[in-house]
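In the two assemblies presented below, subunit A is common to both, partnered first by subunit B and then by subunit C.
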Partner chain A sequence: MSLQPIMEVRHLVKDFPTKQGIFTKQYMRAVNDVSFNLYPGRALGIVGESGSGKSTSARVISLQYPRTAGEILFQGNDIATFTDKASVMAYRRKVQMIFQDPYGALNPVHTVFHHIARPLQIHKIVQNKSELEDKVYSVLEKVGLIPVEQTAKKYAYQLSGGQRQRVCIGKTLALGTEVVLADEPTSALDVSIRLGILNLMEAMKEDFNTAFLYITHDIATARYFTEEIAVMYVGHMVETGDSRDVTSNPQHPYTQLLLSAVPDPHKRGSRISLPEVEKKEIPTWRPESRGCPFASRCPHTTPQCREQMPPLTKLADNHFVRCFLHGG
Partner chain B sequence: MNQGSSTGTILEIRNLCVDYLTEKKPVRAVDRVNLTVKRGETLGLAGESGCGKSTLAFSILRLHKPPALIPEGEVIFNGEDILCMDEERLRRIRWNDISVVFQSAMNCLNPVVSIRDQMCDVILAHRNISKADAVAQAANLLERVGISPDRMNDYPHQFSGGMRQRVVIAIALALDPQMIIMDEPTTALDVVVEREIMAKLEELKHQFGFTILLITHDLSLLGEISDRIAIMYGGRIVELATSEQVILDPKHPYTNGLINSFPLLSGEKKVLSGISGFPVNLWDPPPGCYFAPRCEACMDICKRENPPLIEIEPGRQVACHLFPTPEGGAE
Partner chain C sequence: MSRFLESIIRFFKGNSPAVIGATIIGTFVLLAVFAPLIAPYGALERDPIKYKITDETLEKLAGIEGMSAEIEATLAALKGHGFEDKHEFLRTIETQTGTEIPLPLQKRIAGYSRHDPGHEPPSRRHWLGTTRAGQDVLSQLIYGARISLLVGFGAGLIGTVIAVLMGVTAAYMGGKVDELLVFMMNVVLVIPNLPLILVLAAFLGEAGPHSIAIIIGVTSWAWGARVLRSQTLSIRKREFITAAEAIGESKWRIIVVEMVPNVINLIAGQFVGTTLYAVLAEAGLEFIGLGDPSVVTWGTMLLWAQNNSALIVGAWWEMLAPAITISIFGGGLALLNMGMDYVSNPQLKGGGNMGLWKKRYNEIQQKRLAKARNDKELA
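On to the complex of A and B.
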């Protein structure tokens, strides 16, 4: 790809302590050896079940958690070097997160105007009051919250879920954010509202060249909105590639399982049951764990899978899979 | 027991209304709903948040609480009106004949009581059997939903979300009900777990032959597993047909909009438009069809008159002025 990535994540690892004794400490590895790039004007979808490490990755990138190992480069600079307040502020302005629950993300005692104006004031983007008003109104218009003067006076409780999510997206627009980390931004919304939000984010890709990391468990919306999809399982990226390739030609047994589980009204009655996958609990990954994370449930497991982590194998120009069935 | 009508109808909802009383005026959450559930079928009820689908589910067994109130309507179960029953009769019907699995039901389990005791509680409250027999029955039920009976003495927190949901389904089945009402039973779960639970439910249905009323916003799921689908909007049923008809050939513009709101996993990637506007505000509903302000096919009559739910072909009902009554009643 000729594009220059705005964000590069290299071999990211994140451990959380689970048991802490006087002499012993036990860890669970939420994210293990995850690498991806984000490009301006493009979206990468991270798809996986609860506990697969999707949100943790985004939280590490947005400086909410320190990383355990790996590199995160923003415009070529490692974010670990951002130690002074000014550079952290500048980074936060450029890289913003939006969340699943727009109800929890807005302060109930403040108006919409305040929510858009506050980041503008904190980051000193506007000089005076009239400039502030102009900016807030133009942002509200861009995210489709019209009539702007009336919406600006409203409180969170007077808005629907979709409108609240638009306010949250408006905050990133106001700041001129270049990378949006969207953590399940549509899963709390109704189906008819969901598309409006996805189409709004699509417009941001085109109009403002925003890069998106779109985290979801809904692989169908990921296919709709993103150019690339990365499938995560227990902290590992098991398959990445062009979103059409990954959804139409899945190569990793887990991706195949995930896709076959998605309800499809056009395949009625033909396959109510899952492919032969061991219905075992999802394992907890620890730093000392070995083998392929999916080995305990995979129908193709060999002794090698239980001993060694499969390497990331290139299948096509932009399609990688971490499975011994494909080379390695 | 009275087996009700011979047509194979298990539950008939007639003209049911549910109001929420507020300080200013009552808000009608369920508006003159007529719905017949056939014995042994899986009937899906779909709609967006606030369309009244859960309120409807609650009111079938009179589980609604103030400020909700049922001003009119009948719910006929096996020939008896549930809304007129005395408390004792109602208590016997609940769980025994019709059981309910509520949204995020997996969080309804009591955290300080073992699974075994929670299951026995239900069985002993309705059946006159010894504790040992109840335990044996509970073990049997757990096995049916795919949970090892060895884990009976465990507490809810020791189970995953999917397993807890299966425990709840086992409890719902404990008294061998004729009908189960499920309100978003898998919404909080991952797709793979959802699929496992739905497959299990299908298998149990074949075994026991109960009827399912499945309420969800996920039309794709309903299209795959239910026999018929009813679509609700603003407290009214706007379309009722077989799953194939609803998914492949929807008649009501709202149903059409809902279906076009789901990105698909196959086929060409295309821009979907969804439904413009916002769901109807039941505080201040428009005079005619509730969907008229969002409808692309809106006509003058739609703004004035609410279209009745009519049968446009056998077994297929739509409430839309695009489909006038055969006798030319609408005009």
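On to the complex of A and C.
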């Protein structure tokens, strides 16, 4: 891979306090030792179930939470060094998040125009009012919200879910964002509308060379949209690699489990069969927890799995898995 | 603008409490604004009639020294007429009688027909009667509305602004700021309000309307602040706030532009509620004599009515008129508040909806009956 990454995440750790006594503090480790790179014009899909730390990673990157440990490099600079207002603003302009719920992500009392115009005004991208109008309309046209002038006057409740998500994407377009953290952008939408949103993001990727972090629990859309996939479980990356490799040749038992849950019309009857496992609670990971996070649910658990964290094993050129079944 | 009008029409449509409330409040506001044009007399203007011949006068004057039949006839004819000036009064009697009246008799006539202007019952001249001092009660009510409404709306505004700032800021900032602001709210909440107002008002001496408005405003925001805080807390968690932070909006803009418009209905309700409380509290303060008694308000009207023992001497109008006015105004505000509740919580608007359901139900029943009849005929 000769491309220069725009965003590098190295061994990211995020703890949340769960219980706070006078002498003791308990933590929950939401993200543990997560590393990945984002490249311009490419998308990385993070796949995992609820509570696997997907959104937390994105929120740490978008400065909503401070990190506990690890490094996040944006264009080679650690974002922890962005302390003054100007550099934080510059970072915010270049790194934007798209939210899961397009119904909650737009303020119900403001028009579409306000939502697209504010980022332009805050970051002083436009100089005067007529320029602002032109820019807002051109953004609305780019995200396919036509006729633009009528749409600009509308309120969020007058738009469909897909149209709202287009407004949210329009905000990032207006800013000229270089890294888009898309937190389940399609999961709240009708299946028929998903493709439109995915194609819009695909176009952004190609036309504006935007880097995407595509967070989802739907491995099928991740395969469609992303070049690379990272599978997360309880805050850990259990398998990463090219989308095609991970989805056609899953190596980690959890990835296999995830894929077996995707209905595939072409492969009827050939589902990856997993032995019936006892339904177990998904563990809460703490800084002091040991072993493989998937050990409690895995059909191949060995005593070693409960004691040691398996190392990341390289399977192919760009395919890594964290499991004792493969080397380690 | 048309959107604004539309939303106003939508607010009042089918919302009878809001319509009634707004009508009452609107009427009072108009009365207050155009008081000098509407009020028949000045607020402190006394009834100018000083001399008036009544049956009692005639009885007392009957057969006293120097009295003649002619004079007596003139007096009887003049019964009920009021005169503002003594000389004019006596000259009128003289010219009507055609003779000169001896001085001692003049003095007696003037003395016995002296008119005490106080406590005239409602009549055509004074629709709501007069006070003990001969002031027109209706005019006082209209002029009093100016101060009472000003204090009410002023205190409402002060209280609402503080409540919005405290509540929304606490909800948005969270953490230590939130704890501090909530602590302040709780302190103001647990301090009994009226005694505090009494102490403050007494401390300031005879407090004018402005001080009363400020005192009420700064002591009545806590409840609203708590309500607003809890409502904004839920908005705080919504993603559009996170999104606004992510694009770099300043804290103040997020509070004022993104959050406050979402609770505007609550703020309006809060304003109406505080105004209602302020009008009542002002009347209460002035009634117990902590206000400036020389200013005509509904509260001081009650104070004077009480001081003049209006109820004991049977001048019920002097006491009832301001009391009922305050009640109507308070009722209007309460109805307006109720109308706002209907909008923010449409479940309360059950009445109208139930009517619709009933109509539907009857239609269905009738269709069913018609079908049954039809089936029977066919059979």
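We take it that the second predicted complex is superposed on the first by the 315 of 328 C-alpha atoms of A that agree within 3 Å, B and C clash if a C-alpha of one lies under 4 Å from a C-alpha of the other, contacts with A are read in each partner's own complex, and residues count from 1 in each chain.
Note that contacts are C-beta pairs under 8 Å (C-beta built on N, C-alpha and C of every residue); 3 or more make two chains touch, one makes a residue touch a chain.
Just so it is clear, the model here is predicted, and its values are computed rather than measured.
Trainee: Applying the document's definition of touching, compare subunit B and subunit C: which contacts more of subunit A?
Mentor: The partner that reaches more residues of subunit A in the superposed model: B.
Trainee: For A:Y224 in the superposed arrangement: first (subunit B), second (subunit C), both or neither?
Mentor: First partner only, subunit B.
Trainee: Between subunit B (first) and subunit C (second), which, if any, makes contact with A:P108: first, second, both or neither?
Mentor: second
Trainee: Which partner chains sit in contact with A:Q150 here, subunit B, subunit C, both or neither? Use first/second/both/neither.
Mentor: Touch status of A:Q150: no partner.
Trainee: Looking at the overlay, what does A:R194 touch: subunit B (first), subunit C (second), both, or neither?
Mentor: In the superposed model, A:R194 contacts subunit B only, not subunit C.
Trainee: Looking at the overlay, what does A:F99 touch: subunit B (first), subunit C (second), both, or neither?
Mentor: A:F99: touches subunit C, not subunit B.
Trainee: Subunit A touches which residues of subunit C in the complex?
Mentor: On the subunit C side, the touching residues are 238-240, 242-249, 257-258, 261-262, 264.
Trainee: Going by the contact rule at the top, pick out the subunit B residues touching subunit A in the complex.
Mentor: 48-49, 146, 160-161, 190-196, 198-199, 202, 217-225, 243-244, 247-248, 257-258, 261-266, 269, 271-275, 278-279
Trainee: Spell out the part of subunit A that touches subunit C in their complex, as residue ranges.
Mentor: Within the complex, subunit A contacts subunit C at residues 62-64, 88-89, 92-93, 96-97, 99-101, 104-110, 118-119, 122-123, 168, 171, 175.
Trainee: Provide the residue numbers of subunit A that touch subunit B in the complex, in ascending order.
Mentor: Subunit A residues touching subunit B: 49-50, 160-162, 190-196, 198-199, 202, 217-221, 223-224, 244, 247-248, 257-269, 272-274, 279, 281.
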